[in-house]
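Note that chain A is present in both complexes that follow, paired respectively with chain B and with chain C.
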Partner chain A sequence: MIGTSDLPTLALIDERQLADSSRFWRRVSRWKGWPTTAKWLGFFAIAMIYVPLVWLAVMSISQSPLSGIPYPLTTANYAALAADSRWIPPLQVSLVMSTLVAIVCMVIATMVGRSITRMRRPGGVLLLTLLPLFVPGLTMGAALFIFLRTMLGLKMGYWSIFLAQLVWALPFALLLVLVIASRFDLRLLEAAEDLGATPWRRFWDIEMPILRPGVFGAGVFGFLLSFNELLRSLFLRGVETTMPIYNWAMAASQQSQVPIIFSLATIILVVTLPVMGVFFWFLFVKLDRS
Partner chain B sequence: MPNGQSALATPTMERAPAAGQAAGAVPDREGPARQGNVQPMLEVIDAVHAYGDVVALDNVTVTAAPGEFLTILGESGSGKTTLLRLISGLEKPYKIGALRLNGVDVSEVPAFSRNCTTVFQNYALFPHMTVGANVEYGLRVRGVPPDERRQRAQDALKLVRLADKYDRRIHQLSGGERQRVALARALVPRPAILLLDEPLGALDEKLRVDMQVELMEIHKSLGMTFVYITHSQEEALTMSDRIILMRKGRIEQAGTPHEIFDRPVSRFVAGFMGVENLMEATLVGLDGDDALVEVDGQRMAGAWSGRTRPAVGDKVVVGMRAERLHIADRPPQGPGLNVLPGRLDSAIYKGKYLDRTVLTEVGPIKVRLWDSSSSTAEQGFVWWKKADCMVMSA
Partner chain C sequence: MLDRLTPSGVAVPAFLITWSLVVILPLLVIVLFSFLQVKSYRVVYVPTLGTWESVIDSGRWIVAVRTLRIAITMTLIELLLAFPFALWLAKGCKSKPAKAIIITLLTIPFFLDTSSRIIVWRSILGTNGIVNTVLTSMGIVDEPISWLLYSEFAVHFGMLGSYFPTMVFPIFMIMSLIDDDYIQASSDLGASPGQTLLYVILPMSLPGVVAGVVFTLVPLMAAFVEPQMLGGGFVNLLGNSVNSALQELKYPTAAALSTIVVALLGVCLAALILITRKRFDMSTMFQAIRR
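Right after this comes the complex of A and B.
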């Protein structure tokens, strides 16, 4: 019994008295190699992400990228890209479209995210709004196409691409807002109200600045998801073309266009990565400090 | 007091808008508790509120005079925080007769239009703003120009002795400093009433005692009406002009600290105010306030402080504070003394004093001895004055 005179006074736990399975797991958890294993797995994951990207960039300056041998080096691919102007309209379409998706994502995710955190039982609504994350792109694209084209008889176009991309990006955006909004202390709004702030001011002065990382994150993810979206856009494009559709068509058509796809992808990468880097730095480091 | 108070110390703030405030307007401190014909600053009439089936406020009526320091005392769940939230407007009452601030009915006015501010228990400081921006916020939403805003915020920070912390971030402050920022933030808009919701609850003992004194000084220098919520009888006794003791959504007793401490109306009040010895008794006689009661066959003389006057033979409660009891080796002689023989039992050493239990015929009685050498005998007598023997409603 606890506190009786035969209270054990050993300094260490007597492992011989433990069950076999418990002894086994104690030995496993005592293994010194765990941190090293974790480190190497991490290196491997990072390598798997960056090596193909670097390889792509290298191949974009190689004479025959499909051969897999970098040499001889050349800038001919970039010259061909500059000479060709067919890829510019799809890029413009994608940029505008993704910006719109990003903005609409930010607005909707903020409004919905705020209300979900104020609900007494958010479980059901949360599940419904996040479930589209797990619907395969082909299924969603086909379903939307059948619904809009066959059932409602609408003509596909930019608007339907926009819709499909929004449906795709919104759950992610919502998730990002929810991560921040669920930690937001609603009592701060009461304090602001108590000090005389109208509902509108409470939102802009107190809630928005605190939710900002989540809202901007929602925008960034909305932009990226829209900019890369192919599956749903294919169904709902009508006769329009976005950047991923163009790239896909070019890469799939076995033309001599393939080398410029390498250069194009590299340019987009070189522009996107630093922009995102600076953006995130600004969002989480700079704003946090000021 | 620090001299940063001039910009704040303007009584009846909302009536006289800030246009060129006369610096150093000395607030009128001619007895705030004197109600007379003075327009009450706060009137809550017949407030009823419930959360689901739980009644939080059951027909509560509270008024506060201008400049009064009113404390609402009660344990958690007594409805005191609900009452505060009704006054600030953060909670809408289920039913209310009237809610008037300085004579104006505000029961339908949203919280952001009411001229009262709250110091929250958790401070609720805005984490993304500096100390200065937090303190200025109430002025910012009122459209006060930046220069004046800054000046008034700095004055308020000086008042709470944080003048050098204007540019700090909230997370760089200690608990006590946050508490004072919250106080400054609530003071700066010059509310008609300052509501304080257990503001010292999260501070450690030493800091709490210091802050009590500071709060009293600020109250005195500003002449503002304070409504202070606490569960600590010690805080209530130290600071208040008047105390309202609440229990289960009702007012159990209202009065000055003296009245509540020395003349509790019921067993609950006495227990809450720390009366150690409470016994059931039967009333034997009542003449004026002089009561004669019987506990287990032992007669005691005491002073009646209960609610409605009981009849002879009614059940009452008799209470004695441990520090008003004495121990003697032989029975003391004198009129108006209650004496019980008893055996000294266990003692608890408390540093400044010694708590001893005396076993008597009416049960164990706690006695607080300030002089530890007063008695060492096994058998002895415990005695107390009639005036220190409180007789109240059961």
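Right after this comes the complex of A and C.
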């Protein structure tokens, strides 16, 4: 009897306390406006991303981009950009470099990703591969520079930029391949083997078509991440320049150069934004279905 | 059977060895290097505390404290903005196209050039910028507000958009995994929305919150472009110090500062794990989500 009388008393106290102390909080938590507030907080943060981009485009056709007023409008910045050819080599370097990083990412991510899913204890390998995600870019760049340049005495150049960008892009590429590869049914390969398929045919005809979205995604992420990588390549560039380094140098140094990067960045945005928008739209719609 | 299905058993070990050489070894080397000296472009392999003494004497520890303060403040601001938004996006937003558009909008910034995004804030926040122009022309302020640009405010403001997606994504993903039935059950049992949030949604989404904090704090600890372009020399962070040390060829100093970045991050992450482990048992949470 004593044991049973405890519980109701506890409940009673609890209820009374609730009624006394947390009436205010109840009212707060029942407020209908919370979802709307949450929504607009997020929209505010998203606006903080896209307002500068829109303003960038507006200022690229303004006479003095660093002042606040877009008027008078002019196309002089674009003319200056067309007359200036110093931005073309960095762009070419970036395009070639990103393509290389993307290809290497696809190959390594596929090889390692499909092997990890067959491991009994993949945790250690995974953690080691994903480690660069937990190291700030600048620190990784400084560490690589001190290791390669000062310790080993190597000459910096395109190869070290490539290495730095690969270290950054590969973890993402691997994650993308892993998402797809972990769903792969190994019995399909056994079936193919029983039916007499050679190892290469088993990989190319059975495994690859299923892994393809992940491999493709790895390539796209590799390209995009490498194309915009600044913090690591900045230290490992030697005397070479990529597009983000060029933009950074122009933005950081003389103000007279700024109008050019406004129009250059706008052109790159106009080209890349719709492509990325369509790509991610299809990616997410597809992921949503599967 | 599985062995026969992995034709390239060499691939993973070879990759791991190479990866350790280019990722782990450099990180160990900088710790070691901060105790060495460089004399006439040559590394002197004699251990010395000289670099660390000069780092402490020259007041760089103030920079470390400032970096930590700004990084933690920004992480908290992003968390306050992102947690409710992720909850709304995962549970409140019923329209599928709207969801896909928002996710796309949050993904694109990962692939945009930082410098040109940040430099444009100058023409928004500067003394001749659009904000000040509008404010003065409307007569709200008499003269341009000078602290809008080249101040800690500007640095925080410029970081706001850049580090938002990294916080939203992990929280959103883990919240999408929470079964609606749990929330329904909680309210059926008489919990107010606030109690459901505190006792059901928060514990279950904690792994996502931890991941979000990690992925936001890590780049913030070595933020470089925002303080450089919006701080106007007044907001010197560890990232800028590493850069200037490298440009002045003070390699051991750069190594010591990088070590500080990694060490501070390690302390923050350890504290994060300790706090969350004390409050909630992580493993049961994972099990709850798996079910």
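In this section, the second predicted complex is superposed on the first by the 224 of 290 C-alpha atoms of A that agree within 3 Å, B and C clash if a C-alpha of one lies under 4 Å from a C-alpha of the other, contacts with A are read in each partner's own complex, and residues count from 1 in each chain.
Methods note: contacts are C-beta pairs under 8 Å (C-beta built on N, C-alpha and C of every residue); 3 or more make two chains touch, one makes a residue touch a chain.
Everything numeric here is computed off the predicted structure, so don't read it as measured data.
Touch counts on chain A: comparing chain C and chain B, the chain ahead is C.
Legend: residue contacts after superposition of the two complexes on their common chain; A:T198 is shown touching chain B, with no touch to chain C. Contacts of A:E190 after superposition: both chain B and chain C are touched. Within the superposed three-chain model, A:L231 lies in touch with chain C and out of touch with chain B [touch as defined at top].
Of the two partner chains, neither chain B nor chain C is touched by A:D84. In the superposed model, A:F134 lies in contact with chain C only, and not with chain B.
When both complexes are overlaid on chain A, the residue A:I210 reaches chain B alone and has no touch with chain C. Residue overlap on chain A between the chain B contacts of one complex and the chain C contacts of the other covers 190, 193, 199.
Within the complex, the chain C residues that touch chain A are 1-2, 4-8, 11-12, 15-16, 19-20, 22-27, 29-30, 33, 38, 43, 78, 80-82, 84-89, 92-93, 96, 100-124, 126, 128-133, 157, 160-162, 164-165, 168, 192-195, 197, 214-215, 218-219, 221-222, 224-225, 228-229, 239, 242-243, 246, 251, 254-255, 258, 261-262, 265, 269. Those residues of chain A lying in contact with chain B across their complex are 185, 187-188, 190-199, 201, 205-206, 209-210. Listing the residues of chain A that touch chain C in their complex gives 25-26, 28-30, 34-35, 37-39, 41-42, 44-53, 55-56, 59, 65-69, 108, 111-112, 115-116, 118-119, 125, 128-129, 131-140, 142-148, 150-151, 163, 167, 186, 189-190, 193, 199, 203, 224-225, 227-228, 230-231, 234-235, 243-244, 247-248, 250-252, 258, 261-262, 264-265, 268-269, 272-273, 276-277, 280-281, 284-285, 288.
Across the interface of their complex, chain A is touched by residues 88-90, 110-113, 116-118, 120, 122, 124-128, 137-138, 140-142, 185-186, 189 of chain B.
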